[in-house]
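Each remark here refers to the structure printed beneath this line.
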Amino acid sequence: MTRLLWIPRGIGLGLLAFLIFGPLLNLLLWAFAEKWFYPNAFPSDWGFSYWGRVFSPRGAAWEALGNSLTVALLTVALSLMLSIPAGYALARLPLPAKALILLSFLIPQAFPNLTVYVNIARIFYQFGLNGTIAGVVIVHTVHGLVLSVWIATAAFSAVPRDGEEAARSMGAGPFRAFRDVTLPQALPGLLAAAIFVFLESLDEFTGSYFVGAPDVQMLPLTLFTAAGGGNYQIASITALLLLVPSIGFMLLVERFLKADVLARVGK
Amino acid sequence: MPSPALPRHRSALPGLLLVAPALAMVLVFFVLPLAASVTGAFATEEGRSLANFAKIADLYLPDILFTLLVIGLSTLLIAVFSLAIAGYLTLGRNPRAVALLRWLYRWPLFIPFIVTAQVLRTFLAKNGMLNGGLELVGLVDPATASNWLDGRAIVFAFVWKQTPFVTLLVAGAMTSLDRGTIEAALNMGASRLRTLWDIVTPQVAGTLMTGLILSIVTMMSVLSVPMMLNATAPTTITADIAFRINAYGDYGVANALGVVSLLMTSGFAILYLRLGLKERT
Amino acid sequence: MKTTFATALAFGVSLSPAFAQELTVLTAGDQNMVDYVNEYLGPLFEAEHPGVTVRAVGTGPGDAGSQKILERFEAQAGANASVWDTDVAVVHEKFAGPMVTAGYLAAYRDAITTGSLVTRANADMALGAEVKGYVMPMFNSQTALAYNPAMVETPPQSYDALKAWAAEHPGQFGYNGIKGGASGVSFVMGWIYAYGEGDAAKLMNGPFEEAETGKWDKAFDELAAFTKNATLTAGNAGTLDMLAQGEIAIGPVWVDMFYSWKANGQLPEDFRLVLPEPGMPGQPMHYVIPEKAPNADLARAFVELATSPKVQAEGIVERFNWYPGIDAGHVQAELPAETWDKLFTDVTPDQLAARGKPFPIAPYNIAILEAYERHLAQ
């Protein structure tokens, strides 16, 4: 009886694999398709001519990739800098209306941001922040803060208090105790937060456009233009390009993305 | 007032100081511009009024319902799938299948929404790979096949993209559970499905809800997916906002739609708080 | 936090290339518009002006792309910026009027030598708003029905014929509604020109009268019934894509996109166009220069080059098969006859003259779109 269990298990996993990799396979096919019409099930011409167009000296793909990466990394840095103290306080220190504070970080995601970013752009122009990497980083940070603060809070609540208390009783200052005892233990959770902020930043479009363009070109903008124009090849190649940092980052930090790290999110 | 320097005092000051920079960031760079948007929702040429909301009632009620339906259905499916996957990861007996599943389910997490929309557009087309696969197993007749590019495509995209995220959180919560009770239930002959539903799920409900609320706000604000995948009317609120601005240059109704959307997410958030509080007490 | 900020700012400064002579060109429209500036116009201009770099930024297809340019201008005007960040912008006709009215644009047409090469009315008036002097048309575009000859034996020469054909072939006609781009909007406008009970000429030329907006109910009810029998596509590109994939047989498209797709190998060679009676709208894309452009002299020189007969012939007609922006006579002289004739393979010059319409003036435009939403979105 149990021997036959491999059948439903195989079918289930196969179906899941098809649903997950089918769309991605489609993306790969389009990236190398020169011609692909109905009723051909597969491209009738293959080649690299669209790759040449994306990476042509004036195609600005490299610049967009560089900008997207820079912004994503700086966003991660700024988010962590804000979320580590906030998450620590929310997890450990007495605070009034904790739930409300946590929820307030949801606001930037809860309002459709198109109209808000128009206003932000207006404000940024006055401070010369428009069209700068710094401006885009700020917008992305605010947008991703809910993930980093919530996950950081969870990470700190998962660390037992006794270590820090022991360090304090042995005469270490509060900052020292935090740095040497609590922070290292919370690190995997904080790195998980970093992953999500990084992905969120790579994906962000509206804010990048209103605050960044034309001085700061980002990959999602390139992708949106190509996709909206129905140029599937260029869109697919740009999409693949966008996947490189995502998957690279994933491989780099995957060992930190352990399930138990996230066990306490929302508690 | 007790001095904040004393460690054991229940003063809220140090905590507030540590939270302040992050909160200030949200306040200055989002809440203030947001306030301008909310006031804009009531601004019309004839001064302050509810005219923009009247127009919404006139034109966009079906779209609001459609949005609720799409988000609701997506959330439900995400909950089911993430519980199923996380459950199998926790209770599965075949280590190879568990390892394979663990490797498999995460991929969409790393695919940006805009890429998701782009790939699904071709995957779900009439002659796309999904129909191709269904034809292969005889579920769809190529002559009468139709494309999936309507509300179903949006739900597909949302579930595809968000399930791994929620699964990750839920699986995390499940691994930290006490294995003892689970083993006990299994030993007493409870099926794994029963164990998952009766023993495991109640204990991870809080985490599941958190994952779902984060998914809901994300789905509510994603523009690329409905724009690229949904051809039919009705459409989602975000697409209407974009249309209101692009076709009419009408920020009043766009802002009012934003307020409606905010009210909807607030509704979900209040529900979440209620459930969360009940659990904690 | 302070240090992060400083680092971030330093990064921003060091990464954004701050050349003294950089000409920033914002362009609405599809990727091919960005490519046109990047791959063709830019290098041409740089060769004439050593030391200048042309930087093209696409703001996205359709009205949304132009709207984003308008919003950029609004934001900079609102912030009282003394120098803006855009030298030249390419916008849809619909947005030229609001930009002129708001005082964002420089009146430069009389200051450039090619200004006198344009006499067509749509370079003076844009959907009922006077824009004379502020715009130069980059090219004129037209919508038409693209069809797959294998699936459509006799292409419908009129809206009536299309209605009859679509009734016999359910689901084979596809269009993108009004929320996914202007080719669908254009089809709807043509429908109202054909079946609205008012005066189509008044819709195109004004004046705006509220009473006129009540004369479309029957036409919209018919359109609702017609749409039930049609396939809805996701955007201008979606229609072309579904044509290429054999999902639909016929649908409204932009002529310029149609030819670009063919040139790219995204559409089979044998696909054709037909412009049905009484006609469908078209519109020009306009070059505009902001009043506070950082390099106004260079900007004017750029537009002058872009609207010169040689560039219009070589870049617009020969490269892309688009209808020229300046008067045809100046362009035709620059080209061999067969290249010129290629423009009119499917739609003859006579048909274009008779059936190529402007869009309705702005207030009617809005009223028709809202009426569509009311009748069809429910």
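Think of it as A, B and C in the order they're written, each chain with its own count starting at 1.
The working rule: contacts are C-beta pairs under 8 Å (C-beta built on N, C-alpha and C of every residue); 3 or more make two chains touch, one makes a residue touch a chain.
Quick caveat: nothing in here was measured; it's all calculated off a predicted structure.
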item: Pair sharing more residue contacts (C-beta pairs) when A-C is set against A-B; value: A-B
item: Chain separated most widely from chain B, comparing mean CA positions; value: C
item: Between chain A and chain C, centroid-to-centroid distance (C-alpha), Å; value: 35
item: Between chain A and chain B, centroid-to-centroid distance (C-alpha), Å; value: 15
item: Numbers and ranges of chain C residues touching at least 2 other chains; value: 1, 62, 235, 238, 241, 245-247
item: Interface hub residues of chain A, defined as touching at least two other chains; value: 38-39, 82, 118, 123, 224, 228, 232
item: Two or more partner chains touched - positions in chain B; value: 21, 121, 127, 228, 242, 245
item: Touch list for chain B against partner chain A, complex; value: 7, 10-12, 14-19, 21-23, 25-26, 29-34, 36-37, 40, 89, 94, 97, 100-101, 104-123, 127-130, 132-133, 160, 168-169, 171-176, 206-207, 209-211, 213-214, 217-218, 220-221, 223-224, 228, 237-238, 241-242, 245, 251, 254-255, 257-258, 261-262, 265-266, 269, 273, 276-277
item: Contacting residues of chain A [partner chain C, same complex]; value: 34-35, 37-39, 45, 53, 56, 58-60, 66-67, 70, 74, 77-78, 81-82, 118, 121-123, 125-126, 130-135, 137, 209-210, 213-217, 221-222, 224-226, 228-232, 234
item: Residues of chain C touching chain A in the complex; value: 1, 4-5, 7-9, 11-13, 15-16, 24, 26, 29-32, 34-35, 38-39, 42-43, 55, 57-62, 68, 71-72, 74-76, 78-81, 85-86, 235-238, 240-241, 244-247, 257, 261, 264-268
item: Contacting residues of chain A [partner chain B, same complex]; value: 5-6, 9, 13, 16-27, 30, 38-39, 41, 82-83, 85-86, 88-90, 93-96, 99, 101, 103-120, 123, 138-139, 141-142, 145-147, 149-150, 168, 174, 199, 202-203, 205-206, 220, 223-224, 227-228, 232, 235-236, 239, 242-243, 246-247, 250, 257-267
item: In the complex, chain B residues that touch chain C; value: 21, 58-60, 62-63, 121, 125-127, 146-147, 149, 227-235, 239-240, 242-243, 245-249
